[in-house]
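Both complexes shown next keep chain A, but they swap its partner, so chain B is in the first and chain C is in the second.
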Partner chain A sequence: MRVLRVHLVGWTASFRYPIFVTGYQPTLPVPPVSTIYGLISAAKGEYVTPQDTKVGYVMRSDAKGVDLETIYMLSNDNSVKSNVYKREFLLNPDLYIYLTNLSFKEAFKKPEYSLLLGRSSDLIMVTEIKEIELIQKHGRKRVGGTVVPFCEEGIWGPLQALPMYFSNTIPREVIGIKPYYVLGDFIEYEGDSFLYDEELEWGVYIHG
Partner chain B sequence: MNNIFTYTGNPFVDAGITAMLVWLGKEKPEDIEDYEVKNLIDEITDLYTKDGWNKIMYSIFPNSKLTNPSVKDKKGEYTKFLNELLSEVTVLGNGGNCIACGRRNYKRQFTKTQVPLTGTSDFINFFSYGKEGADYCSVCALAIQFSPLIFYKAGNLVCLQSNNKEAEKIYANKCKTFIDMQKATKNYTGCNDEGYTNPVNALFHLASDIILTYDRRDWQKDNTNIRLYYFTNFNQPPIDNLSIFDMPDKIFKFLAYALQHEEKDNWKKVIKRGYISTKKVNLEDEEKYKNLRNDVYERLLRGESILGYFVDTSERKTLVGWSFLEYYMKGVRGLEEKRLETIKRVSDDIAELIKAKGNVRRLTQLETAKTYGEFRNVLRLVIKDRINAGFERPLFTIDEYEKYLFPEGNLSWKETQDLIIFRLYEQLHNWLTGNEEIKEIVIGEESDNEIEKEELSYE
Partner chain C sequence: MNNVNGFILVDAPASALNNAGPDVGAKTENTIAVKKIRRGRGEYVYVSGQAFRYWVRSSLKNIFGWELSPIERDSKIAFTAANPFKYPDDDMFGYMKAIGKKSGSTLTRVSPFKCSPLISVTPVNIVNDFGVMARHEGDPVPYEHEFYSTVLKGIFSLDLDSVGRFSSVNKTGYMNITEAYKEEWEAHNCTVEEDGKVVTLPAEVRAKRASELIGVLPYIFGGAKQTFHLTDVSPKFIVLAILNCGNNIFMNIAVDDRGEAAINVKALKEVILDYQENIISDVYIGKREGFMDEYNEDLRQMTDELNRTLSNIKVHLLTVNEAVSEFQQVVSGFYKR
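Let's look at the complex of A and B:
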């Protein structure tokens, strides 16, 4: 399968667990699929959904740290209080995204909006845009740095309910919430549900 | 009406579903019927309003019908709330905006009062489009109400989640037995509490329990991750009110291997060596040490080596056998077979030479080498000894040196040193302790240590 591979790097990233609104904000080790569609939408400057392109991704980072940050809590009586939260973040995120729609090349060459991986301070930059061939490789391969739908045979890892993307309606709604295996680390996988990036020697799960 | 529940990936919803499965004796979430849930509602309202349980509800559902002091008829009001949720039950659809199942739409928003760690309506900017809570469908919110049945008390509360749903059920069965006991004795004490306050120790205890409960089961075939959400949902929580502890499948498998291995008692000795304490602790009495920090457990979870705990350097002996170590190195540390084989063969050759020449000095030098350079130098001296002693086969080839002994040079040399020392102790311990003449040399070696270091220079 011919795909567009975009390599993005940054200093920090942070992916909230959508279910926790509490004093300690842990981060997922990799972004949910909805973050990838958000990123592509920012690059394109338009609302992008799985109907526009399927996506795969592999993300790694060097370490995890904890930030103290001031938050502002808005009540329904419009009063605002500040508080301090602890928020985990990932250091040196290194993200490869794979898009089945090759026309997005121009969007990543000159992104319309800032590209972020989490908070507004988690800026990332594009370091490479390349068209490559993802092949079907049978047998054992290394897979990880991504999320994979629950019950995919031969895959295991911590589970989390995550969205696929969001609507652009008011109010915005989550679309395609389902349980995913969150593969922070790489595992050995034998099945055929992943395509293979020969150059980087890992499997790529295509969502959408 | 069936097909109302499914696993969602949300830890609290899935915990509630697992609890219902175990209480109803069902296999799959999709098998649970709504009328069966109605029967369980009576059971949990009765349980949650008992004194021992009601106290715990303050840190699960604060300000709820169960805990708010202004609510006089707690049981009646909570039953009413659960029945309201039950009346809104619909079967699973193909899509929806519930943030747990994604298969139904929400009817109302929920806050920490009904769903732990979800914040309050004072956080409206944290919820989508300034709503006053999180978008859960009534079915998922209902499932969450059953999750306390299988929470575990370890200081804060623990919600256990696993990709292996059988493992979750084994754990939930244990909680059910605990609650059945409370009912039988009419002594209601709340969630399962075995006196653990250290969540890491609790994680290893629970995983061990899961493994040993079904010890005939072949855990090696499954890939089982165990995750603990360690939390408190008090109204005024501490800032660290949530921690996540993950036991990856390779650690779970290793634990299963160790606990079912003939050397399981030796493994327990290794664990006991890991407890960190500033004062002397009675290791015969588990209650005295089980909540101390354990470096073996913590290193396993951090992905660091525990090789040092497998040897007793003061006695120059190993606590486990090579086959046990081999499983650990391959299964947990990911060492390739050929590398392990090469290290074993080289160590055996060094042991043979030390025995043949009675040269304990080389063992001391290998043990005390502090840098990659020092260690390489000792190996060079061993090679010279072998040539002088007339051994024809080289200790190792250049290829073996680069590929298997020190594949990453300076980075991995310590692990190679630890493995060589382990094997040397295993091979030489009886020889070192069983021979009076050698014993004297060993004592002499210890006092000569400083002089030995001077000899260790590059030539």
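Let's look at the complex of A and C:
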């Protein structure tokens, strides 16, 4: 399958667990699919959904740190309270995105909005845009750095309910929420649900 | 979208610029730890993006006399003004203001100024310093605090199009103002477009705000424990350019060269060449004499080579203050096109 592969690097990233609302904020080891669609939308400058392109991705990072952050809690009576909480973040995110729609090349060459991976302090840059061939490779391969829908045979890992993408309405609504395996680390996999990137030697799960 | 892309290096000899509070596992109960990330066997210290923004914001007040948006609640004034017409920092740093359902919806503004944390380029040996408070009668009170010597890297971007430009589109981050601000925007001679959906301040106000935010960089002051360490946090090396896109291209310029912070001159040259079509201003490189002087020759050579090769842009190698002040003119000029 012919795909567009975009390599992005940054210094920090964070992906909030949807179930943690207050207090300690852990980060997911890899972004949910909705974050990837958000990133593509930022590059394109328009709302992008799985109808526009299917996506796969592999993300790695070097380490995890914990930052202290002050938040201001606002309420309707115009009172404000500040609070300090701990928020995890990832160091040196290294992300490969695979897009089945090759026309997104221009969007990543000249991204419309500043590219971020998490919050406004998590700036990232595009380092390579390349058209490559993802092949079907039978037998054992390394897969990870991504999320995979629950029930995919031969995959194991922590489960988490995550959105696929968000609607463009006000307020935005989550679409396609389902359980995913969160593959922070790489595992060995024998099935055929992943395509294979020969150059980087890992399997890629295509969502959408 | 047109963005200022900036890269800075901050020299931090014997510093403790941002702390994580008491170190729970320490021998003594009152050890204050610096913010750090462990990676393998090394530790990287950092200053949160939030802290760096605070330095920039407070320095704008001190250097350029910006009247900062009030956060405290006074008897009749609300806690945060969310008034980008009156307060330049509301404009440049964004805001969120919850309003009751009756009087309208919640106002939010995406910050045109975005910055990364400042992160040490190399792993750091963190020193645990021992101090005592002994000026009172009775037993002295011992305490400890951590500090480090390192070079910190940071990048930032400033969205020039959205400076001084406010929308009332009902979308998170873009509902900056409502009809209730009409008096305010009329008083500030704003241009109103798209039936009042977009309101823009006069070009000279936008130019002033954007160029002052850049102009404050050589004068930023901030950080924790300054009484003990007095770290000069102004950048010692800086790269500035305007891009017509949202890519943050200067992220790979500082590297760890066998434990020493190094400027990757080749990488800098490569990104300028690779993105020459996206760079819409000259590139300004500023370096303080005495800081990483071993790169002076390489940087000069690179500048000469690029200036021979590139036709549409020029690269200027200057001191930090010169680079910033010349780039301020470029930013001002952007609004007068």
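Just so we're on the same page, the second predicted complex is superposed on the first by the 205 of 208 C-alpha atoms of A that agree within 3 Å, B and C clash if a C-alpha of one lies under 4 Å from a C-alpha of the other, contacts with A are read in each partner's own complex, and residues count from 1 in each chain.
Rule of thumb we're sticking to: a residue touches a chain if its C-beta (ideal position, glycine included) is under 8 Å from a C-beta of that chain, and two chains touch if they have at least 3 such contacts.
Since we're looking at a predicted model, the values are computed, not measured.
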item	value
Chain C versus chain B on the shared chain A, clash or fit after superposition	fit
Touching partner for A:115 - first (chain B), second (chain C), both, neither	second
First (chain B), second (chain C), both or neither touched by A:188	neither
Which of chain B and chain C A:24 touches, first, second, both or neither	first
Touching partner for A:175 - first (chain B), second (chain C), both, neither	first
Which superposed partner A:65 touches (first chain B, second chain C, both, neither)	second
Chain B versus chain C as contact partner of A:123, first or second or both or neither	second
First, second, both or neither for A:157, with chain B first and chain C second	first
Where chain B and chain C come nearest after superposition, their Cα distance in Å	8
Contacts on chain A seen with chain B and repeated with chain C across the two complexes	72, 74-76, 170-172
Footprint of chain A on chain C - complex, ascending	1, 3, 20-21, 35-40, 44, 46, 48-50, 71, 73, 78-80, 94, 96-101, 110-111, 114-117, 119, 153, 155-157, 159, 170-172, 244-252, 278
Residues on chain A engaged by chain C in the complex (per definition of touch)	9-12, 42-43, 45, 62-70, 72, 74-80, 91, 109-116, 119-127, 170-172
Chain B partner contacts - residues on chain A that touch it in the complex	18-24, 26, 72-76, 81, 84-86, 150, 156-163, 170-181, 185
Complex contacts: residues of chain B adjacent to chain A	7-10, 12-14, 95-102, 112, 117-119, 121-132, 134-135, 161, 163-164, 223-225, 227, 231, 233, 237-244, 246, 248-249
